[in-house]
């Protein structure tokens, strides 16, 4: 193909607004551009002056899909600033809440955003006819994720129960038993998901880059831990500014980020690359079956990493509930003593490393806030991947190349409204 | 153990009725002729109302417009104001609606026998009154004079124009008509002005006359004052009230005025009763 | 004929669109009943004419004004969904500062690359036919509104304060637990989900038509909140209704 | 009907059996209050409580209650829908039972509401004397602190045991099936009467006149400035009516499936305190202000219901007193103020 002129205005099946431009003439790549047009909302500005008790309510609104991650990052930032250590029960419930979000978010991406590409359709709606079973399986799993968040958090989008140092409402023993049953029942659907994705042919593409995620000595890190890079090893979370190095590019309302190379990756694949050994046995088994092992430099495998993590979280969920039931759910006094200071909260959102950094004044209102969003950290790497993907696929026609590029972007499961918070 | 009973005695269960004819009355009003699917008569008293359902949209209380003296079908004159009435206006002959009732007290028909009837209708108020007017016409010999005072905003808003023509031709009905305003191009022989401007022309025997008044709430105060001026007794001025209404049976509480329920104790009230209610300033 | 439906997003977190996708159980029936011709978050296909356009998100850029006007031209019924679209929502918190300052705070030196205007609800830009508030919208309400539109009636708009459903749902009022709440002046219809879920009412559904603001201020003050606290509280979702508050 | 006793420990194990075989709604802790809820285990039951957040009416008039179902396609058909299941309400206080007596009058009087009636007749009522009344309750002065005789079983806590009065043959059956009883001794009955008498003296709120005088007081109070004074603060939030055991008003709505083939008509709780309760299509609102609505509610409680159904519309539970965030809903406060001011203001 000598001349290619791809311009995708507002990429679909993706959270947020992004454009894609690819220009090739005479077999030479002229331009490859990943552009973010999302309207910025200026959360760091909005956070100024917010009282501690509703900061997490506000930042939750950064993202409808990963509202739990934003809540937990901000709750932990506030707790760190006030020197609060939440109880074991609170941590377990937060993990459980997280199980819901990871399942919901990954399944939403896998079935409703990515799958239509593999089956040559425009949307899961249109797959209702040809692949009804798969769509319904996806819907059931998504509902399960939502159900977990409803039971633990109050509702699926912007759950309300989690507060600084505790939960405003606790699930009952009966709720948890019920939830455990639902997680167990979902195992066959998860197996079908493995089989389904095993059957999809992922584009062959690999590019060596850096993978960054949280890591924790005792667990597959989601809601706590320190930073780890496949290139440079460990770092504490307060070193995040040296890791993320955010910078602006004129064509993107979202910031880009880079570490030791020109770009790095966060997200499911980064976590698996860093913490593979800590995966739940069920998830490890699925990983083997799907041919995923660290270190994997294939961006399309992020889809597979999401399948594996979904299974990990379902398994974890059951274990967490067992632990909660063993100890018995107790009403806890939620006490908060306000003090001035700075606190950093770091979690692994479904799409990767998320950091909230709050500085509080004397009266418990925020004076300064900074949020580092997963997708921001991926933008530069998406750009670099696209450049290489285009240059090694110049034999494809325009439509094929467009689809390939779109699939690549989608594989990152970018959350653009988040990244342009 | 869940028992799900299907009780046919439920007061909330409408009967099915078929639309047999739809006739436009004015821009926002249509007349519907209906018949119960089971072939039974409704057997209502003029002044009573039914709850009409458009299934899936809701129910609305609508006065009977027809007289029980005719065949088993019945008529409802309906103005479009909201959801149920809009849905009703979409109906075609052959369509089905639900009917509960008749509800309410209606006009005290036997008490009215032998008396002169002064009907005062404002706008849509003619719909409920028509039921009594036609009843009186059908049993003409049982009543004294029949006078109809009918006020609308504009000539084009007059309802039942065909029937009005008929009634005007009859010797045994007196008709006084007014419109609030009359566009220059409209043919109009009646008075121009609010309905109360018709009263000076009115000659009645105050002892023999009962006034039956239906119209918008603001009309009542002025019309009642005129009736009183004419010397009609407080207990001989009958008014039909509109209130929000859901069940039609005194359960739902919406139509309550002090301690009376419009659906059970009304909708027809004597002015005398209303003077005792603190919440109606008629 | 199935009505053609478009779902559009502007300045927001897209949680309301996610709520639509969260109608997992009803999805087959929804798809059968509606001809969804535009829904960027979930599909690639796109149509150009809409019987119903659901709009998620506030308006905060000049380019969005243009797109909104275009949608209005192509749609019979326009329904903003969510706090951002109905009220401006949290986005309006930035309106307290001059826009160039806002840009600078976020982008520093690079501020000049970007543009932003004070955030505003959709109804401030184009006429709308109904609104479905909430942050996020309530799934059940979305389904109900669709059902009512399909059945051919104006959707029912709740106008009773959140307290009513809160009390009817058997919640212990948060004022009894030493917390404060915007429930008495906030439009219900959410089954007081935030109180039920362990928090307080933040006012995400906006004010009822005739809120007793004076009384609300009084109870917040007697619960120990300063006027500044009260304003902050109220502003979380309702900056654009600030006039009413003060 | 017999009066018996049972040891508390025995009673609680009987409750366990009752729960096994029946749908039992009992009083549970709901910090910092109590609430009726489905009982799963006997340990959840709290019979020594002061008030529940909501009255047990929800089991007789559920918040949403289907009335009819209909099919629109292929053919139009309508059926009434009545949902009821055999239920036991365990732990009801006397004032709430008085309220049920009023509901009976409303819904099973001249016109019978089958939806209510079906549930009512499927519901067994086991009550308990409230020996430690709630701070906001004024049931003693409303004459509702002792049970009307429409219960199936009635308990009084005598310390180590419950004295149980059997009130109906259904109560008799329940007692036979589940309880281990002995007949009560005279001294125990005397003890109950003393406990009851003591409890009456423990109410902190009370009417300054007898409850029977309320209608008369209200007759002279229509134009009293009190209504305005209170009404101005009203949120029109309906909280006072949502928690009230005698509030019965409802709205009716239709629901239809997405394919427009089937649907349901249901009622749901409404409130005369809502702004649009009396609004009609022409835009007229017959009680447009908080003042009008507040006055209507307190007249309904203190006069209209009595005149129509033979029972006062307020049983003095005190829930609305506490539920109202601006402290204006209290019937006892309003009626007492009117008594005080009766001489100062011209009657209407």
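The letters A, B, C and D name the chains in turn, as written, and every chain counts its residues from 1.
As a convention for this text, a residue touches a chain if its C-beta (ideal position, glycine included) is under 8 Å from a C-beta of that chain, and two chains touch if they have at least 3 such contacts.
These numbers come from a predicted model, not from an experiment.
Peer 1: Have a look at C-D versus A-C and report the one with more C-beta pairs in contact.
Peer 2: The comparison resolves to A-C.
Peer 1: Can you tell me which chain is nearest the middle of the complex, judged by mean CA position?
Peer 2: C
Peer 1: Quick one: report the Å distance separating subunit A from subunit D, using the average Cα coordinate of each chain.
Peer 2: Each chain's C-alpha centroid was found; their separation is 50 Å.
Peer 1: Approximately how many whole Å separate the CA-defined centres of subunit A and subunit C?
Peer 2: 25
Peer 1: How big is the gap, in whole Å, between where the Cα atoms of subunit C centre and where those of subunit D centre?
Peer 2: Taking the average C-alpha coordinate of subunit C and of subunit D, the gap between them is 37 Å.
Peer 1: Can you compute the centre-to-centre distance for subunit B and subunit C, using the mean CA position of each chain? Integer Å is fine.
Peer 2: 43
Peer 1: Which positions in subunit C are in touch with at least two other chains?
Peer 2: In subunit C, the residues touching two or more other chains are 151.
Peer 1: Going by the contact rule already set, what residues in subunit D reach two or more other chains?
Peer 2: 31, 253-254, 256, 260
Peer 1: Mind pulling the residue numbers of subunit B that touch at least two other chains?
Peer 2: 56-58, 82
Peer 1: Among the chains present, which pairs are found to touch?
Peer 2: The complete list of chain pairs in contact reads A-C, B-C, B-D, C-D.
Peer 1: Tell me, which parts of subunit B touch subunit D in their complex?
Peer 2: 1-14, 16, 53, 55-59, 81-82, 85, 96, 98, 216-217, 242-244, 246-247, 249-254, 256-259, 278-279
Peer 1: Which residues of subunit D touch subunit B once you look at their complex with the stated criterion?
Peer 2: 23, 67-68, 70, 72, 76-86, 106-107, 111-115, 118, 122, 222, 248-254, 256, 260, 263, 265, 267, 270, 272, 277-282, 284, 286-287, 292, 296, 299-300, 303-304, 307-308, 348
Peer 1: In the complex, go through subunit B and note every residue touching subunit C.
Peer 2: That would be residues 56-58, 82-83, 86-87, 90 of subunit B.
Peer 1: In the complex, go through subunit C and note every residue touching subunit D.
Peer 2: These residues of subunit C touch subunit D: 26, 29-30, 32-33, 143-144, 146-147, 150-151, 156, 159-161, 163-164, 166-173, 175-177, 183-185, 208-212, 214-216, 218-219.
Peer 1: Spell out the part of subunit A that touches subunit C in their complex, as residue ranges.
Peer 2: Its residues touching subunit C are 10, 12-17, 39-42, 44-46, 49-51, 54, 57-58, 61-65, 67, 108, 112-113, 116, 122-126, 128, 139-140, 142-143, 146, 153-161, 163, 167-170, 248, 250, 253, 255, 417-418.
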